[in-house]
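In order of appearance the chains are A, B and C, and numbering begins at 1 in each one.
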Amino acid sequence: MDDVSTQLSGSLAVAESAASEVFVVELAEYSGPLDLLLTLIRDEQIDIYDIPIARIAEQFLARISSLKLDEAADYLEMAARLLRIKAQMLLPRREGEGEDVWEDPRAELVRRLLEYQQVREVVDVLERRSEERRGRFARAYSQQAVEVPVAGPLTISLPELLSAVDRVLRLARKPHIHDVVPRALDVDGAIGIVRALLAIRARAQWKDILPRKAEPWEVLSLLLALLELAKRGELRLIQPRAFAAFEITRDSSGQAA
Amino acid sequence: MTPLAKLLEAALFASATPIAVDDLRAIAAHADEGETTLEAALEELRTHYDTDGHGVELVEVAGGWQILTRPEYTEAIERAQLAARPQRLSAAALETLAIIAYRQPVGRAEIEEIRGVGAGAILKSLHERGLIDIVGRGEGLGRPLMYGTTPSFLEQFALRHLEELPRADELAIALRAPRPPTPAAVAATKDNGEAPPRAD
Amino acid sequence: MTPLAKLLEAALFASATPIAVDDLRAIAAHADEGETTLEAALEELRTHYDTDGHGVELVEVAGGWQILTRPEYTEAIERAQLAARPQRLSAAALETLAIIAYRQPVGRAEIEEIRGVGAGAILKSLHERGLIDIVGRGEGLGRPLMYGTTPSFLEQFALRHLEELPRADELAIALRAPRPPTPAAVAATKDNGEAPPRAD
């Protein structure tokens, strides 16, 4: 993982130019978005309680931009979350009101990261144990069993059966309530939106393309679209200064539709 | 024991089949455990098991070698396990049996739907134990097998007939919503004479 | 060796999986091999393997006992293709197992929430490998299936029981009170600056 991070620690552009199968394989080393995030935090030696969200979000985007887009939904959801936190970090100070009760927008993320880190720690223990066990073999030969009756004397009692009935009744599935239909992302549609916007404006911001009360699938679709278009060189994603919202600019060298 | 004898013991233990002499020789050659010859090491292992009082022995079979438990123990173990430990039904098996008792005749799909897990292996084992039987075929796709309880089931629970089972509404929680009417064809094929406790 | 130790050796040799203490006790009781207690006989067998120089050893695992080859012979056994190590689990599978081991019974949604990724395929494969089992249904929408670890999980991770895993408060990050909805606590830590995330 270390060499991945050094290769990728650069900007979005660096990651883009080097993108392809290699990184898809490398990214498979991360077991999920939290793993990737934790790796970034470790590599950068960042205090987990005070994460520079803007920087981490940028690096996170840089790494996932090399993912094959259709495999990246979980990562993109996290990316969207980071961007949202980043935006929230800017809000309350302006309103100036209630500084004491200001809730760090990163708190939930920190909680999840700590929880996840705990899981990783248990994984280390499990890995050691399993390695130890894998090196030993149990008896493989199974002797011809002496012919025994299919079942020995059976002990079951009515109370046992009735408590099983009771369990079944408790467990019985309610009639079918609903089916969860995975909402397909509409990346092509989102690409159309972004292109249309950039056709009339040289630069835009995230909030310009995002509908009010956007649903998660819309956010993800747009994010995918941006990454895809950035990869194709049709636009650039720029963050003018720290903590600023990133800007989407038409890339003059590219051919916008 | 010499290093080679220990290595051979581990190898013979881990192998699912007897190991041919040639293969044993290859293991020994690769391990390069000094002077001991394969024959000497095998002899050492065999003697160790025999004289030191072990529950296992080294036997030569079909051009190879194998460690086997001594016959006098094999049977003792099986018998002991069987006699001392009357078999119990797993919670999953009991639940399946409960569903069949109350809803017979009932097909596998319905059982699985209620319990949320596959029921194939459990149905097989309940059938082998003689607690349930196939009582007909249901309507619908593939004419599924329908199961019911057997007289031996009643005997097992010291019941004279199925009506002796408490009605579902006497149990802690009422039975779930009524299901579609049972296919009459199936009900007719029930051969052990017991009516289900409730049509529900 | 005492008769009971020999009998136990035969029993353990005959089994590919650990034998539960209760079953060993049943075997011992049935055999009626005089004064020796089960514990004494197991200890005798273990000591014999250790001091007498054997290629195998007696280990306590998953609430029972099992004879295994010693680690130093792994390579020779694999080279001779007598047995193969089981495949390593992926990091994702290990994470899922860790969560289940600590929180059982636990539903899929909670696992996915903690890991931030879908768990369906992994749960299926862990279930197929016999490492986890469905232990019931939870409350709430759709009565989700709840998962727990199996004895085979203990066996494959060389654990005598679940308590052998580090307690949550022994981990470097001692978090995990039951889902504290208190971002205030975290925000507070932030204020005093440099709370190091990890001990290492």
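In this text, a residue touches a chain if its C-beta (ideal position, glycine included) is under 8 Å from a C-beta of that chain, and two chains touch if they have at least 3 such contacts.
If you're wondering where the values come from, they're calculated on a predicted model, not measured in any experiment.
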Identifier of the chain whose CA centre is least distant from the whole-structure CA centre: C
Most distant chain from subunit A by Cα centroid: B
Subunit A and subunit B: spacing of chain centres that average the CA atoms, whole Å: 42
Computed distance of Cα centres, subunit C from subunit B, in Å: 22
Distance between the centres, which are taken as Cα means, of subunit C and subunit A, whole angstrom: 29
Multi-chain contact sites of subunit B, meaning residues that touch two or more partners: 10, 13-16, 67, 69, 74, 83, 85, 116
Per-residue overlap in subunit A, given as positions that touch at least 2 other chains: 137-140, 142-143, 170-171, 173
Residues of subunit C touching subunit A in the complex: 13-17, 59, 66-71, 74, 77, 82-83, 85-86, 88-92, 94-95, 97-99, 101-102, 114-118, 136-137, 141-143, 155-159, 165-166, 168, 171-173, 175-176, 180, 183-184, 186-187, 189-190, 193-198
Residues of subunit A that touch subunit B when the two form their complex: 137-143, 145-146, 148, 150-158, 160-162, 164-173, 175
Residues on subunit C engaged by subunit B in the complex (per definition of touch): 1, 5-11, 13-14, 22-23, 26-27, 29-31, 48, 52-56, 67, 69-70, 73, 76-77, 79-80, 82-83, 134, 137, 143, 145
Subunit C partner contacts - residues on subunit A that touch it in the complex: 29, 31-35, 41, 47-50, 74, 77-78, 102-104, 106-108, 110-112, 114-123, 125-127, 129-130, 132-140, 142-143, 170-171, 173-174, 177
